[in-house]
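One chain, subunit A, links the two complexes that follow: it is found with subunit B in the first and with subunit C in the second.
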Partner chain A sequence: MTSQLAPTAAQSARAATGGRRRGRGVSQRRVRLLFLAPAALFLLLFSLFPLLQLLRMSVSAVTARTLNAEWLFTGLENFRRSFDGGEGTDALLRTGIFVLVVTTLGMLLGLAAAIALRTRGRWSAALLALMVFVWALPPVVNGSVWKFLLGDRGLFNMIVLELGLRDSPMPFLYSQYWALMSVAFVNSFAVIPFNALVFRAALMNIPPETFEAAALDGVNKWQEVRHVMLPSVRPTTLVLLVLTLVYGFRSFDFIYVMTYGGPGTATNTLPFLGYLQAFARYDFGLGAATSVVTVLGVLILAAVYARSIRREEAES
Partner chain B sequence: MTPTTRSAPSLAARAASRATNTSERGSGSRNGRRRAVGLTASALAAALALAACGGGGGDGDTGGTGGGGEGGGTVTVWHYFSDDNQVRLMDEFAAKFEGEREGVTVENVYVPYDEMNSKVIAAAGSQTGPDVVVFNGAETATLALAGALAPLDDYWADYEDAGQFPDSVIHQVEDQTYAVQGYVNLLGLWYNAEILAEIGVEPPTTIEELEDAMAAATDAGYSGITLCGLPQGQGEWQAYPWLSAEGFTYDAPDAAALEAGLARVRGWVESGWLSQQAVTWDQTVPFQEFAAGGVAFAENGNWQMGTAESDARFEYGVVPLPLGADGQVYLGGEGQGIGAYSQNPDLAWEYLTATYLDAEGQLLPVEIVGSIPSRSDAAQDEMVTGNELLQPFAETIETYGANYPSPAIPPESVGDVQLTVGQAWSAALGGQQSPADAAQNVVGQLERLGG
Partner chain C sequence: MNHAKAGPVTSTVKVLLTFMYGVPILWIVLTSLKSSRDVFSSRTSLLFRPEITAYVDALDGALADALVQSVLIATGTTALVLFIAIPAAYGLARTRGWITTLGLGLLIVLQMMPQTATVIPLFQIFGDWRLLDHTIGVIIADTALLTPFATLLLRPFFRAVPRELEEAGAIDGATILRTFWSVVLPVARNGAFTVGTLVFLLAWGEFLYAVNFFLSPGSYPLSALLAQQVSAFGIDWPGLMALAVLTSIPILLVFTATYRLLRDGLTVGAVK
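The block that comes next holds the complex of A and B.
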């Protein structure tokens, strides 16, 4: 009896403990969900709903007349129109070039700045503060300043003309060949501080012993960068690369302020073309179709980003 | 029906008027200051009427009851002015209305120019929005078609001063009145009198004289001209006079005429008379360049009088743009309307009638900004007739005045057409496209848009 009772009591005790655990687990899940709810609701309202609206708009005929009325379903007609006349294709090509320049310059100069500012000190701190200031500047202000700097009587042309490098000002913002590159350069400049800060944080995590060991092995500065720093920041590089690609892909503000897509259509990238179609032509359906293509590009990159984050977490 | 339509008799009368005036200008009125100042008022009143659109009024099915009640309240006014003088005008209007109506507050809200339409339309989508909207009158159709403006027909039918306004400043869409302009803005040719005296030329009356003067100014080390080449509506507004001077119109778009217009101004860039940097300039920057000195001419508007007075440290003047027999200059300006979801449309209408539409109120833009009143009685005020700089603009209205936008453009295509032509203008000036390619592209697009 006792022998029978004992296990039963033990089972009951286990069951009771298990029940409490399960009860605690359920309650914990509820608490977690409760904490998750505001963020989920926020995302639902301000990300998912607009995205669904955008998708719906891209397959409908929506103009100023029908924006606040019923939207007529037109299938893929807007996508066909966007790319039929070559306007969308040209913008896609420009976006590709733009993203390439922004990503290359943003990553390389960001890493270079991080390496230069790796040390702790007064100058390093002052430069970092300046970079944070540049990063925090609203793009409209930043773009206006750069528009002035790149003008015929701006700083860069003053230097070029004073040094006698050219007879006439450089057409930074008004030549079809220069304009896209100039705006891409300014976009890169704006992303450098962020990239530098993230790279610097990764570099600061390298144990000092690693550098000491490398120094004992007699490595020079370049070898230190090549064989110590670069391998150490590789996971960060991948994440940052995806973020910079996304940043370049969705760039709009600087084009809006500095060239308005001009001269002609020379700096019309996909996001700016979508803006013109929706808010200058008031063909919201067409603008939405162009924007969906942009969003698709960003979503693909976002998926890569999420994957790389997971991998980095697993490795660490 | 288009927002502004020109009747056939108006066209004929304007053509006759233009023929008469062309001979007058040819006989020696070179700077606009020599003619009797008194001409300004009559020219304004007559020309605004001549360049008129289809009649106002009509039976609106919605709108307010007119009059408006007594008591307090707040009138929210959305505008896109950032220039100091224009902001001051908004403040003066607010002070005037608040002074006349006890307990009323006017709240002026700045919305960037490029965001105005989308914000007003988006607000209407959620059944909110301003009481009064001050917007680009040419874009009335965009706002009206989106249901963002309240029809003014009932108010207008009961408005005792309605007869003071020419049809060209009353914006209608599909037979309903949605906005009225309190003033008219248009382009003229500003010149630096000191540079012209130095190079020994008179203000030009023909396009050839203008080009000769720009060449002489450039030889003397000055810039020839500044204008706006931005690839959007502002660019189209500044391009149209030169394009129409070569025979281009929206009624019957001709690629050869358009190409000629684009090629002429591209030639100014190639000759060094006009900076290619113009493709990055809105309408404010080129006038600042002109006001800074060192530029012989500026294609810019009457609203720059305040800026010229405060910034230019040289003698300056204005003449009509030298556009020959075919040239046209848009009669633009801001339209004032009532938001479709205004909380108090009667009070909004009272604000409009006490400020923009009031005879005394219309003198404030004259004094502060240099705009031309739209009321015929206000146009005869000494402040207008005694202003020598306004006279060339009055002459321009009479000689070249054209409805803005062109009545030939379908209301739903106005934004598209303005962008298309603005981009072609910018592409030709910036060398992205040859004038021939840009012209072919525009005409193809216009055919598609039914313009």
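The block that comes next holds the complex of A and C.
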């Protein structure tokens, strides 16, 4: 389930906010900032402090035994160990491929679904509800189902074998090549409903007159998509693109459930590698170093995201 | 809504999507009703005698405990997140200046933070603070995970509350807190419901913190139990699918009750 949403304000709301400020504005502002206090305190303690610890851990030798004792400062040794041996670099490359597949499928099929579900009727309504329901299901549930469907005795292999396309089952989840693709596909499967919902909302905002005018001009279906729909969802596309990139980049739950990083290291993306180094090999320093690199990646994406929503807010 | 008619391409996409999202759901329900023998005999796919053995097996004491844990964690997290995110969202909606900008920037970064990165230091810190193996520890971790997202999604709902409403309240001599409680919050309640629902769904499905912060599977919630079983060797598929269905039933209930809210509310806060 995608847990990211843009903080873009409901633009309609802005009309209502007047610029009136009087003398009591200053003290009111101070009181309103007090509303931030609980969240600030909580996040300081349970989000920012942990990140600081992660940073400290990444430059120290920390194992399960020394986890809650003194840490020996080792400088960039953990980073060297993670990325010099090729483990981290391979994982970074894999993450790139993974993110590319998830983003391409997620965006294209999300838009296609939105265009298809724009139509009136029971089928569209039911299908949209079904997709949102699947999206709302815990990733463990979706992951388990797909692990089963893609297994040796799963639906896909049953079809493949019955049709005589192959005489042995397809190794969807335990071949070096297929495993990453399978997990990436299931990740896109999980993000498509959300993207479809957001695209659909953007399409619904197009005034009907625009379509009527296009129809008068005699445009065909494809031209309608190309020249009417695509331009009007462009601002949405930009923000959604960054969100989908982030979603793919930080994803770990389907990997955990379906392959646990395997076979071998075939589905070790960078976030999951960091997790395994810490919780399967108990080398917390190493895992922290890998995770710090992941966090840096997220910081870059967050900056791009903040820029794109600011531009969108300025444009509207 | 416009009056687009479904063309052949549209229909193809719809058929494809119906299969893509319908088959998995159908499949878990069917499998959960089979016996292990039927699952692994190669032929019978749709023709089998429905059995509820998987459910009977799944519904033992351990499962009831896991269900209680799931309910505790999901409701506890939802309550705590709303308690701190609602005032924060209001504060950020009604102020400008560097504190607000900094706050928003931080929330964007935190909501994108990979959970696999935060679980490492939290494990160490909770070990220090004796929060490991306690349900409250997982609730705190989940709250830290979901508060940024909840605050950012709630903010536009508060911005949509007309300022005039509040000013009328203030002139009457009501304090800001009282105005917030009796004027602003009722107007923005749809937002609070939407966000509360989403937080509940996400907390219900969260398993990474649960798997690592509980030291024995005895205190796992359903999601963690499922995650542990599915990555284990020699999976009992009907049992697992029964567990998956049981994990999904509360989601189905919440979903049925809030679908409209989700469908429309998600896109209010999301990109326009």
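By definition in this document, the second predicted complex is superposed on the first by the 290 of 316 C-alpha atoms of A that agree within 3 Å, B and C clash if a C-alpha of one lies under 4 Å from a C-alpha of the other, contacts with A are read in each partner's own complex, and residues count from 1 in each chain.
Note that contacts are C-beta pairs under 8 Å (C-beta built on N, C-alpha and C of every residue); 3 or more make two chains touch, one makes a residue touch a chain.
Model, not experiment: these values are computed from the prediction.
Under the clash rule set out above, the superposition-derived model of subunit A with subunit B and subunit C contains a clash between the two partners.
In the superposed model, A:147 lies in contact with both subunit B and subunit C. In the overlay built on the shared chain, the residue A:54 is in contact with subunit C alone; subunit B does not reach it. Judged by the touch definition given at the top, the superposed model places A:236 against subunit C, while subunit B stays out of reach. Of the two partner chains placed by the overlay, subunit B and subunit C both lie in contact with A:260. In the superposition on chain A, contact is made by A:173 with subunit B only, not with subunit C.
By the touch criterion defined above, A:68 reaches both subunit B and subunit C. Of the two partner chains, subunit C is the only one that A:306 touches; subunit B does not reach it. Put simply, more of the residues of subunit A are touched by C, taking subunit B and subunit C as the two choices. When the two complexes are overlaid on their common chain A, residue A:281 makes contact with subunit B while staying clear of subunit C.
Shared-chain residue A:271: touches subunit C; no touch with subunit B.
Once both structures are laid onto chain A, the subunit C stretch out of 21-29, 111-119 or 129-137 that overlaps subunit B is 129-137. Subunit A residues 67-68, 147, 256, 260, 278-279 lie at the interface with subunit B in one structure and with subunit C in the other.
Against subunit A, in their complex, subunit B makes its touches with residues 114-115, 117-118, 121, 124-125, 141-143, 145-147, 229-233, 275-280, 412, 415-416, 418-419, 423-424, 426-433, 438.
Across the interface of their complex, subunit A is touched by residues 1-7, 9-10, 13-14, 17-18, 20-25, 27-28, 31, 39-40, 42, 45, 83-85, 87-88, 90-95, 97, 99, 103-125, 127-128, 140-141, 143-144, 146-149, 151-153, 155-157, 159-164, 167, 170, 176-177, 180, 198, 201-202, 204-205, 207-208, 212, 223, 226-227, 230-231, 237, 240-241, 244, 247-248, 251-252, 254-255, 259, 262-263, 266-272 of subunit C. Interface residues of subunit A facing subunit B in the complex, by the touch rule stated above, are 63-65, 67-69, 147, 151-152, 171, 173-176, 256, 258-266, 276, 278-283.
Interface of subunit A with subunit C (complex): residues 1, 3-14, 16-18, 20, 24, 28-29, 31-36, 38-40, 42-43, 46-47, 49-54, 57, 62, 67-68, 112-113, 115-121, 123-124, 127-134, 136-149, 153, 155, 158, 161, 189, 193-194, 197-198, 200-202, 204-206, 208, 211, 221, 235-236, 239-240, 243, 246, 249-250, 252-253, 256-257, 260, 271-272, 274-275, 278-279, 284, 287-288, 291-292, 294-295, 298-299, 301-302, 305-306, 309, 312, 316.
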